[in-house]
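As written, the chains take the letters A, B, C, D and E, and residue 1 is the first residue of each chain.
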Amino acid sequence: MLNWRWLGSRLLGALITLLGVTVVVFVVLRTIPGNAITASLGIESGTLTPAQRASLEHFYGIDRPWFAQLWAWISGVAHGDLGLSLTNGKSVTSLVASSLPVTVELAVLSALIGTALGVVLGVLAGSRPGRASDSLTQGASLVGLAIPEFVLGTAVVTLLAEAFHYFPDTGTFVPLTSSVSGNMSQILYPSLVLAVAFAANVMRTTRSEYVEMAEADYVRTARGKGLSPGRVRTSHILRNATIPIVTLTGIQFGYLLGGTVIIEQIFALPGMGRLLFTAISNRDYPVVQGTVLVIAVLFVLVNLLVDLLYRMIDPRTRAA
Amino acid sequence: MSVLPTVAEPIGSVPTAPGRSWLLARIWQDRNGRIGLIVILLLAVVAVLGAFGVLPHDPIAQHPAARLQGPSSRYWFGTDQFGRDIAARAAVGIWTSLRVAIVSVAAAAVIGSILGISAGFFRGWVDQVVSRFVDILFAFPAILLALAVVSALGSGWQNTAIAIAVVYTPIFARVSRGPTLAVGTAEYIKAQRVLGTPLPRILLRHVLPNVSAPIVVQVTLALSWAILTESALSFLGLGTRPPTPSLGLMVSDARNTVATAWWTLAFPALAIVIAVIALNLLGDGLRSALDPRRDSRA
Amino acid sequence: GLAACSPSGSKNSSSGTSTFVVARTGDIDKLDPHLATAFQTQQTLGLVYSTLVQTSSTGEIQPDLATKWTTSSDGRTVDFTLRSGVTWQDGSPFTSGDVKASIRRILDQKTGAVARSNLIAIKSVDTPDDATVVLHLSQPSASLLYSLASVNSSIESAKDISAGTVGKKPNGTGAFAWNGWNPGQQVVLTGNPKYYGGAPKIKKLEFRVIPDESSILSGMKAGAFQLGLISDPGVAHQAGKSDTYSLAKQPALSYHVLMLNGRKGPLKNQQVRQAISCAIDRNQVMQTAAYGDGAVTGPITSPAFAYSATDGLPCTPGDVAKARSMLAAAGYAKGFTLTTIVETGEYATAGAEAQNIQSQLSKIGVTLQLKQLSTGPYVSAWLAADYDAAVALNGGSYDPFLMYGRYFTSGGSLAKPAGLDSSTLADLLTQGNATSDSGKRQETFRNLQKELLVESPWVWTFRSDDYYLVGSGVHGFTPRPDELLRSLTSVS
Amino acid sequence: MPDRPMPGGEDSSGEIAIEVRDVVKHYRTPGRGEVHALDQVSVSVGRGQVLGVVGESGCGKSTLARLLTRLERPDSGSVEILGRRIDRARGRELRELRRGIQLVFQDPYASLDPRQRIGAALAEVLTVHRLPSGTERVGELLETVGLPASTAGRYPHQLSGGQRQRIGIARALAVQPRILVLDEPVSALDVSVRAEIINLLARLRGELGLAFVFISHDLGMVRHLADQIAVMYLGKIVEYGPWDVVSDTPTHPYTRALQTAVPIADPGLDAPPADLVVTGEVPDAADPPSGCRFHPRCPLAEDRCRTAEPLMLPESGRHRLACHVMRSEADGTGG
Amino acid sequence: MSEPMLAVRGLHTSIRTPSGPLEILRGVDLEVDRGETLAVVGESGSGKSFTALSIAGLLPTGAAVTSGQVLLEGRDLVALREAERRTVRGAEIGMVYQDPMTSLNPMMRIGKQVTEGLKAHGWSKEEARDRAVTVLGEVGLPSPRALMRLYPHQLSGGMRQRVLIACAIAPRPKVLIADEPTTALDVTIQQQILRLVSRLRDEYGLAVVWITHDLGVVARIADRVAVVYAGRVTELARTRELFAAPHHPYTDGLLRSLPTPGDPHQAPLPQIGGNPVALSALPPGCPFAPRCAQRQDRCDTEEPPLIDRTGSRAACWVPREEWRAPSAGVTTRA
């Protein structure tokens, strides 16, 4: 079924990408002024004696040349060890492990909502181009694209609190597996906020693909067979439009991962975005490195998945 | 001598009169493009007014006595927590935001397109290297890239622009690589090679103009994202350096005053929304203006 | 292998009525009070651990683990009588051995304890019996008791110290016992029924990390938290009226200041520094940056040492004409440019203060060039004194010596960022610390404040308010200037 | 005819314009495996002569054109243009040689830069080769291909298909080549204008003494113009000889099939008999049949056709053939 | 004579363009009977495809029939509502398109593409399957059962065209409209398709409308020919008669411009001069007049209707007998 050679070369490429990401993040972090000591002690780090400073530098491993640090880190990663957080001493692996599900669920749920909404609206607009419904949906999608996420996020949080006395519960993250309603009460609203821009993008792509596909020769063939408009729409136009939509969803998913930084901040969700943001301001190298690597892995995986999906949907790319 | 007559009568009919205004005229024909163009032009006029300080109020001067005043005939859009005129600030803010967006997108478009066109045209190892590089940049969360750049360089509009440029460079590389792959094998490029046209000339005169359509469309979209990214960075405290007003900064500052003074948020946010929508509409217009299929008929 | 952090253990808590939820923007970073610098860590561990003495909310020293203490006439010996019947949360009894072990741990250079420099005067510790501790000092130190009252001087159990388990699972004598920590999300404490000050009414206390203060406000509106800690006046300003919470303001010990680097350029000139100080209308800074919340202040913020905020300045601050003429007299009629570092992120009003000060100074021809830096780079630049001026929010203390000793005594740990060397200041500080006579201390520190204003190494603007959004069902909560949450012990 | 100087230096070989020997070109493609686009192909074209190349799609016609114009290089074998190896040439020599041989493409629209005016396109070629490039010369070129000088101001999309193809030819002529390779120059054109282009080519050949390689899938068209015809099938030449022999009395079963397959505009003619109609489709060039590549579709196929590959052997005079069955008995199995 | 199977009368079709509506068909008249093939020839852009699409009711968005009739066994299809029209489409009129590479849905298995049309017209699943297998066999595709499971990209162009034909004839339509179905194919494959369609026409008693620009193809399969120029039929005749004696100078020019086996080698071909006409800029009179060697004054002002001539109907004012030699175009063989 699968084309193993393709998969092999694809995986190799992914690996090289990840290695590149590792090196880049490592180097970039070290070009930023400030280090773990000033980050964890703040202005108090000025009170350190040289001996204290040296012992702390040794403790954090920042007294070694950077390539030695890089090598130590990479070999650690190879063993599944992402190091220890400089700020709270926890293992990065455990920090990432506890925040990863939040972000993944947030991103997946927004992607699902966004795709569903976007496709439905896109078809609605695309099947009657130029009509009022088309202009309306297009207008709405533009507004959706244009509102900054943090404005929308704040607005939603405020509105929920003021009008419904509701605050998305932010205690410990409740995994979907332990309580669906508890989980949803935390994830649903931020997902909706993230889904808005996502849906807007999907809607626009769907619409233009729909309009384009509707002109395709095979659609004319299908109409020529006397099929009902509904059938033509679902089995011919939409089916072919799925490929660009899937591709877009893949690319957008990457942006979603980035978008979680702000949304997790506003909705106080303990996800990767927040972990990352806090770690950056704290110069918590191991955490930043670990988080970025995991996000990159996610991104690469999603793209791989999209490629796979793409190959599954599109018979032309399927291995013979 | 010749057995054939030369065709002397005028050739067919001329569909469109080509000229400098060609693109604008075509955008104008598209409803979305027309709206986008008008709004962008209006915003540009406002921005230029702001940039040259031809406004009734100083956007930076503080009037502590007139803090947080609502819209009035004196202060059209009200004042902020320092008693600064929001209308003036919004005008300059449009200028700053546009400036950040334009500089960053221009840089990203130039660098990204050079990368993408080289990859698509030369293929082979050039393509491998560029594509890998692009993949790596893509795999980074965009906001992290921006954060890292701004943290390393410090804030300020130039650095914000650099950060945004770094984020969008890979997009332009991707967008230009695809069409270049196609254009690179097109017959008119082969024709140039057979004719012995030197490579740089082929790239500059024949490849570039023919892959420019998706790049140009991308530019308008990237401009709109850049405005949003600038505001997101400002929200995280890493955007434009105060007191220079930028729309993003105004919106994120206004989060603190919105409950008591809605106008502090409403007007700058509206400006962002309008600018982003207009740029997207312009993008639609460009897309349709540059669509080769529009010409293939009639 | 950290035992304390199993996130799976905690239950979804908003339903449990017995849980008291405190929302704040940051998380704790360590479990060892001796190493705790982060303010959230001190706030939390201060509830788990006790200290020998404590400060009242007005800055007086009060008993805690020690019920009585006496200082010898030469000021070099201090005797403490310990409270009896106190037990550690793990059940073992509290003795003078624990105190000795704790102090030795703090003084041990290898520990890297924060309080070490403040307790460095302690030469040795004697424990004649289980209920008595004697400290021998190398020189008299009036700030010693204040230092001992700090969370950084918490008493840890000797057993934990020797077992090396300090910082892994907190075990104190305080009102709340350690329950669990989910980094980045929440810390859970449980009421200690055996607490010597009486069992707290709160059975379960949860600190939740809500990074965005606006979201804390929203949560309070929705009734999701019992207490919300806010530092951004903007957010507090938005709070308005609500039946789910009330807003309590408490002036803090920390102060907003424009630090000047007196070792650089025109700022070397005292008259220039004074001119800058004179040009800035403190009230305007407070009005625009903090929506008028807080109090204009001089250098010393302790309520126990209240002095005039401007005595010593040759002008009324905000007098632009005067400032201008002072600047001209100093030879800078045309003004000059100062590169000013401003922190973004944690310190909410920095940007606004900077902008207002910038605007005010522009009137005397001094241009502030704002250099916004995120916390890490800001701290690096600050420590290296790599700036002309810095917009800062510096921590305060009940004891003026503890506040400024490290900046303005020779060899002070923060002498570099202080930006000024003044033997007068150093002498006044040493003098103030050497005596425990309260009248003399009042006098000395009054002179200190005056001298600070004369020298104008920095421009002190205002003490901001800390804001507490107190849930409507919460009774007995009293905020403190040092931002500790001691009163949670008696809250219902 | 004006006696123009030879571009690319002295003509050392005298009569021969193109000499292709045993050229092999394979493409490695990721999905498909190795495509045998050209296998052991040899042709030669005399000066001022027209070689017609016919064959079905995918048989390698365009590949041959690309090798001739050095858009690509052969895997093995040699390509000589005007007595010099264009496949080996580099730098300056290549540029000179390139002026000697020019290519006209099938799709006149695709081969013109859509964003360049006609005049600019022609002037560019002239400038690049440091030839006089004034409006006059451009006008002259346009007139050579039967277009008014005013065409220079047009964009490609403002011209009809036939006009565009004339531009393609004019552009090729701009560098004063000795040889034109025409890759299906009229296939994309309307019937009503095909004759114009064919006539134009015939005229140019007469006026300028050009040699042509005329590629087409239409045997009738090739017949009209060519002196020699090469019939290709799946990367190989199967029959090669004078135009009348190949087109009017074809010997190879494939050539015969081609001949009968082209419908003639005469309703009076009967449809060809069923046994002359080839069945099946052109096999994939990535997986060519064993033996004679035509055997699966050949009405005359015998056992040996399945195993042994027929060699290209002279039949009579300049007529060459690669077929086991139709060869005169004396030649035996042919190897 | 009874009703023809399909008759088109005075068909006008317009399309919306940015510069206003453009009339593409300006009065098309055609008819075909069962078991008969009508060839529609004309240069590119003359409106051949629009004629086919107007008949089938498959015009692109923005295009519509403005007047005229499409009579299927006397029933006017133009007057039908879209839902009724759909029952005719596919079931009674089958369509085969020019580009077999793009006319099949790349994402759908061959079997589904053949059966979905049947199911739309009320066939049961099993009936449709059986019918699909049969019809795929009938169009000469090997092992139809296995083929049903393949996707279009796994087939060659010729095979795809056969699949398209199978789709079209599966519901046993009365009329088959083929829009240049062999243009994209090799000559040997074209030959196979031509034979196939002729065979099917006879077996099914189909009325075939075959659009092409290749007069060779016309000669081989058509019973009747309609020559289209600038959106109108300019000549309508039986094939043999048209080839023997065209009554329109355009037809005449077309016929002469082809190289034929008997031609003198390398001699110039006669050609129709001038340029194809642009629909957006039609001359006032006969649209062919600017290119016509037989032009008279009247031609520049008045557009000729179809005029009955011996063995033909032609839209030309000038009877063949009055033509100047050389007949059409500007060049002769001499």
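We adopt the following convention: contacts are C-beta pairs under 8 Å (C-beta built on N, C-alpha and C of every residue); 3 or more make two chains touch, one makes a residue touch a chain.
These numbers come from a predicted model, not from an experiment.
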{"item": "Where chain C and chain D overlap in contact partners, by chain label", "value": "B"}
{"item": "Contact-graph distance - origin chain A, target chain B", "value": "1"}
{"item": "Chain pair showing more contacts of the two, D-E and B-C", "value": "D-E"}
{"item": "Gap in Å, rounded to a whole number, between the CA centres of chain D and chain B", "value": "48"}
{"item": "Centre-of-Cα separation between chain E and chain A, whole angstrom", "value": "53"}
{"item": "Distance from chain D to chain A - Cα centre to Cα centre, in angstrom", "value": "54"}
{"item": "Cα-centroid distance, chain A relative to chain C, in whole angstrom", "value": "39"}
{"item": "Set of chain E residues in contact with two or more other chains", "value": "268, 273, 275, 331"}
{"item": "In chain D, residues with contacts to at least two other chains", "value": "160, 163, 196, 199, 203"}
{"item": "For chain C, residues contacting two or more additional chains", "value": "214, 345, 374, 376-377"}
{"item": "Touching residues (chain side chain E, partner chain A) in the complex", "value": "56, 58, 60-61, 86-91, 94-95, 97, 99, 102-108, 116-117, 120-121, 151, 153-154, 164, 167-168, 171"}
{"item": "Contact footprint of chain D on chain E as seen in their complex", "value": "43-44, 156, 158-159, 186-192, 194-195, 213-220, 222, 239-240, 243, 253-255, 257-261, 263, 265-266, 268-273, 275-276, 331"}
{"item": "Residues of chain A that touch chain C when the two form their complex", "value": "32-35, 38-49, 51-52, 55-56, 85, 87-91, 94-95, 98-99, 154, 157-158, 160-162, 164-167, 169-174, 179, 182, 264-268, 270, 274-275, 277-278, 280-283"}
{"item": "Chain E-touching residues of chain D, taken from the complex the two chains share", "value": "56-57, 160-163, 190-196, 198-199, 202-203, 217-221, 223-225, 243-244, 247-248, 257-258, 260-269, 271-272, 277-279, 281-282, 297"}
{"item": "Complex contacts: residues of chain A adjacent to chain E", "value": "129, 214-218, 220-228, 231, 235-236, 239-240, 313-316, 320"}
